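Chain lettering (A, B, C and D) follows the sequence in which the chains are written, and residue indices restart at 1 in each chain.
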Amino acid sequence: MKARQNTRLGQYLMSIKVGVVGAAGFAGIEAVRFIIGHPEFELIAATSNELAGKRLADVYPNFQGCTDLAFASHDDAPLSSCEVVFLAVPHTAAIAQAPALMQAGVSVVDLSADFRLKDPAVYEQWYQVKHTATDLLAQAAFGLPELFRDDLQALAERKASGKAVLVGCAGCYPTATSLAAAPAIRAGLVGDGPIVADAVSGVSGAGKKATERTHYCFADENLEAYGVGNHRHTPEIEQILGIPGRLVFTPHLAPLDRGLLSTVTLPLGDAAVTQEQLNDLYQDFYANDAFVSVLVDGKQPKTSSVAGTNRAHVAAVYNAHANVIVATGAIDNVGKGAAGQAVQCANIICGLSETTGLTAIAIPA
Amino acid sequence: MKARQNTRLGQYLMSIKVGVVGAAGFAGIEAVRFIIGHPEFELIAATSNELAGKRLADVYPNFQGCTDLAFASHDDAPLSSCEVVFLAVPHTAAIAQAPALMQAGVSVVDLSADFRLKDPAVYEQWYQVKHTATDLLAQAAFGLPELFRDDLQALAERKASGKAVLVGCAGCYPTATSLAAAPAIRAGLVGDGPIVADAVSGVSGAGKKATERTHYCFADENLEAYGVGNHRHTPEIEQILGIPGRLVFTPHLAPLDRGLLSTVTLPLGDAAVTQEQLNDLYQDFYANDAFVSVLVDGKQPKTSSVAGTNRAHVAAVYNAHANVIVATGAIDNVGKGAAGQAVQCANIICGLSETTGLTAIAIPA
Amino acid sequence: MKARQNTRLGQYLMSIKVGVVGAAGFAGIEAVRFIIGHPEFELIAATSNELAGKRLADVYPNFQGCTDLAFASHDDAPLSSCEVVFLAVPHTAAIAQAPALMQAGVSVVDLSADFRLKDPAVYEQWYQVKHTATDLLAQAAFGLPELFRDDLQALAERKASGKAVLVGCAGCYPTATSLAAAPAIRAGLVGDGPIVADAVSGVSGAGKKATERTHYCFADENLEAYGVGNHRHTPEIEQILGIPGRLVFTPHLAPLDRGLLSTVTLPLGDAAVTQEQLNDLYQDFYANDAFVSVLVDGKQPKTSSVAGTNRAHVAAVYNAHANVIVATGAIDNVGKGAAGQAVQCANIICGLSETTGLTAIAIPA
Amino acid sequence: MKARQNTRLGQYLMSIKVGVVGAAGFAGIEAVRFIIGHPEFELIAATSNELAGKRLADVYPNFQGCTDLAFASHDDAPLSSCEVVFLAVPHTAAIAQAPALMQAGVSVVDLSADFRLKDPAVYEQWYQVKHTATDLLAQAAFGLPELFRDDLQALAERKASGKAVLVGCAGCYPTATSLAAAPAIRAGLVGDGPIVADAVSGVSGAGKKATERTHYCFADENLEAYGVGNHRHTPEIEQILGIPGRLVFTPHLAPLDRGLLSTVTLPLGDAAVTQEQLNDLYQDFYANDAFVSVLVDGKQPKTSSVAGTNRAHVAAVYNAHANVIVATGAIDNVGKGAAGQAVQCANIICGLSETTGLTAIAIPA
């Protein structure tokens, strides 16, 4: 059992026991990877009903020599012994599972869409299913620390007082898009009219299931848009940025494994802006965020620079030709877009430094 | 020497001698490939000062067993014996070379940017060099047959009368973007405000030169925007579509060889539109265009479906959430975006069927 | 209906009606693509029980604008009206289907493994199923024209006399491996001991079925061996090359769509050999083979040079350090390794020029 | 300045200052990445004459937010203040630089080929240059800990006594090939005749220089052999395995960034062997090696499982058909094949646990 120094109390405590439900999927298994490398978290349960009994390393050979843990069925896993459980499950499954966990005193960091949208009616409109845990929804903090850190820290207080808390982590497209656009929008620079976010994701965003879409021969050497006009991340981004009904969100698939780039075109309002002002605005905005780097001097975010990590790179360019801001954000869709962000949120609610276990640097090239 | 049936005269004539200047680059060598497979064109010159004397097949081994032609230096090549010369050279080089060719009676199909922009002042603003062949510019037809076929057919008449003619072929981004957006814009469906074109290209778009940008290890597993706010295809697209000062054009690079996808967000004007109307509009618009397929029923263009060909796939989706049209266009940036289009234009000015030599179908997957 | 000039008789005849059974898989649909571009073959049936009724272009959008043909169920397809049927089916299915077709007077070009191995006992050992059409097996010619052209031409005679004939086309690994090794082996240059063939294939070799192996995220950025010591192409290669029990064949998977490279290490016998002699030997061997190019001067075959085509590139290097020959062969596993070769064989048995419909050149880069 | 607990002495000491010479290349910058994440090493110099003065993060944006270090010119870098310097330079440059460093008391971990081959005559034969530091060569330990750990530990003793020591790290192909083959060879299982190693590397193995070979459009969708019969890693592998003149080594390039797979065919001697015996042999051989995992049960090493890490996966299969052993080894060519191994060696000579700073796990998929 690992010992840790609780950064809030200055005392040595035991390691924090955590579990991952839905550990066999891409987000779940990446959460497992981050947790195994985490100095304070101890992984005591990784569930997969389908793979129960199989060693992680026999399913995902990257874990060979790294862990002897086996997948457990959901019912056999010691989830109630966890301090925090990560739910890496499809939407509706988190609604089904979170209440019992929280009643057992287990805090939940949910990677699904179930606790992201504050208005149940919006959830029901876009996901075409009734939200049956609206009380928990009201308690949940939105898991995008750079934009909603106060809410997460409030959960930390609450959890420190012995209560189970709930985080609904932001989706991958919302994370990249919002990190790119939020500084300009919050500064009041953006005027009327549609806000266009064209985003491109690697194939891991389509999930582990083997389909024609994820078949190498169909995904390779191909670019295509999908979910045009109806992708479920639309209302989530609008909620984060406070731009109801204004977002034109078009996701695309490109032939890479990890990586997501969102390009957001923001119409300028009456106020003029210079590139220098934009740079200053963005750098100030993220000055205290360890995982967000603002690129200036014409540099543009590259997804390869953040692959496998919890980092985000953003840039904002003043396009004088059409008098708009073009803001770009690059993340690893499974890292900062899912599992990394979940661990970052878990760090916060556990009173740890946000960067604990998340200091990996992407390979240089 | 190949014999051909002139489709205008119904007579058997000799094959049409053609040359490619700048044949060693990606657009030039792809033009060579199309021409070798062309039943009416006979390639008598492929120039590259750098590679003069080397067999094409020794530089590009895909030609092993297909041709014994060698690169010739520009000065040694029998360009004046050609009926048509394709210029696959950097901008300014076409301005330097076209006049002499045309004075020698050789028609020119230019793949560079030199004869695309009708207003020399716009050329000079974006390319930062004076245009020194404005008389030829005035004569040039814009090489995007689906949108400017009449102009090209007028050149065919002129050429049939013995005059040398000049085509300034559209660029890769302008082709995909304009094919996607033109039907809606020409139909008057588009209202005020910025028109956003976010486009993604394969690495061949960056050219044959070995640079960090084109290095496999930097391009692989990476997405990034570039030329944000200042890409030279901006005024070209605005000219084609008649939207001066309104285009927000942001190109991106993705890890594939061939392929370009442009996603264009068009604000709707006062008129309402339905998806069915959009489908009809687009299908009617391209009803007589052999190379453009309109995808409906929620299908989205895939670049893999057109790789290695002169084809384009387009779709237009009515996004009711934000009341805009999202139009997408997929091409092979070196095919329909450069060499294929040049051959298509050459077919037209030579009085051949547009599809001659361009019937290849992309591999299925 | 297309007219054709029968190259044997010098007369104009009607086009040759052909069908593809199993047209939805990668080899089948590539056969369809070659046939659509073939000037003498007319595709009247493309069967897929699963996709019956769907337009090819709606399943494989590369056919948009190229054909209106729809998949037919096996029972509804006019197979008995075909002159030649291509069977792109799993092994055992060809045994089940070939007899009835041939009894109906339809010649069969089989892409499966059912009619490749001359000894039914070997088939039964490696495929673990009894061969129930051994009479047809005895009649079948082996479909690798460069090494067994006489047998195929004998079928052409037989077919010209009105008999249905049967070709069992070579597999992908056997094609590349044998084209690389055959000249040295047939020349008697190879001595005793194991012959090692390490071959690498693109993911299309794993077929259209969506599995973990073919999932983009598992195949991308990965190299691995598979079928070590037990791949079914082992006895086929040994039969072609006449090296029973001597082949160490290890296939590998690499992250590309199309392409197969086989590297064969051949121990030298007593005779000395020089690089020049090897070059001459190989160039002479393939002097009359339009689809095989021998690379010399240190050039090595690249799979990209033959992707999408029926071509093969081979080289043989004398490795003086260890006194062996290292022969390499590159093909497109779905082209020369399957569908292209099938069309080449069909050309031969129909008395057409071997290259008819197969003149495509790979993209330059 | 970081404090560390010296694992040998049980005392808290200051961090170990290290430098990287040639830090701008792929191996050098990956060493930098490992060192930044290393809890005991403090990077005080990263040299690049070409990039001197530029921040690492401005050249390799993966370091944005991770380090403010800038490249230094070789002459300006505080190399003599380092306890260990990593030389990530071309061969001959290490010979030029190592003597002065060692005279200044700095231990050298050389990633080049200069101190690998024990016999200067062999070096001179394969590298075509005279070895001018044969005295140092005699002192150097071979940097492949799993096979030569005693030699490295002897250096640790020597260094602990205050002497500067020298490690010549194994190359990428030799590492994968030798880890795969060594257990069988050292156990005396291998008989006479050629030993064939066909290995495939990702493009990073070709280095950072932008060339046609490393151009995305030429490397993508391509497989090819290179250096057939004359690759310089041949004598290095033969030295490691003790098989002079017997190795047929053929390297290949495949379209991935990181990863190297070597497939070694080992002829069996008189002794019979079973798969179970092979598994036991390999598992025993690597029982105490944290970075080497032996795969059994038909599992084959995947390069994706070790990408970005210092790990190696190996398997040995008894191929009964041809009575040989087929051993495979997968590494990250820049990790265990270069920078990771260098850090592992540095850990050993510094008396640290071998795994210090090298515990990263590859992404799951």
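Just so it is clear, a contact is a pair of C-beta atoms (placed from the backbone, for glycine too) under 8 Å apart; a residue touches a chain by one contact, two chains touch by 3 or more.
Model, not experiment: these values are computed from the prediction.
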{"item": "Any chain in contact with chain C as well as chain D", "value": "A, B"}
{"item": "Pair with more cross-chain C-beta pairs in contact, given A-D and B-D", "value": "A-D"}
{"item": "From chain B, the most remote chain by mean C-alpha position", "value": "D"}
{"item": "Averaged-CA centre spacing for the pair chain D and chain A, given as whole angstrom", "value": "35"}
{"item": "Distance between chain centroids, defined by C-alpha means - chain A, chain B (Å)", "value": "40"}
{"item": "Euclidean distance of C-alpha centroids - chain B vs chain D, Å", "value": "47"}
{"item": "Shared-contact residues (touching 2 or more other chains) in chain D", "value": "26, 204, 208, 215, 217, 220-221, 255-258, 302, 304, 307, 365"}
{"item": "Chain B - residues contacting chain A, complex", "value": "193-194, 196, 198, 200, 202, 215, 217-218, 220-226, 228-230, 234, 245-248, 250, 252, 254-261, 263, 265, 267, 300-304, 307, 317-322, 324, 326, 328, 330, 365"}
{"item": "Chain C contact footprint on chain B (complex, rising order)", "value": "26, 29-30, 32-33, 36-37, 58, 60-66, 204, 208, 221, 257-258, 290-293, 295, 299, 302, 304-308, 311, 313, 334, 359-365"}
{"item": "Residues on chain B engaged by chain D in the complex (per definition of touch)", "value": "26, 203-204, 208, 210-212, 214-217, 219-221, 255-257"}
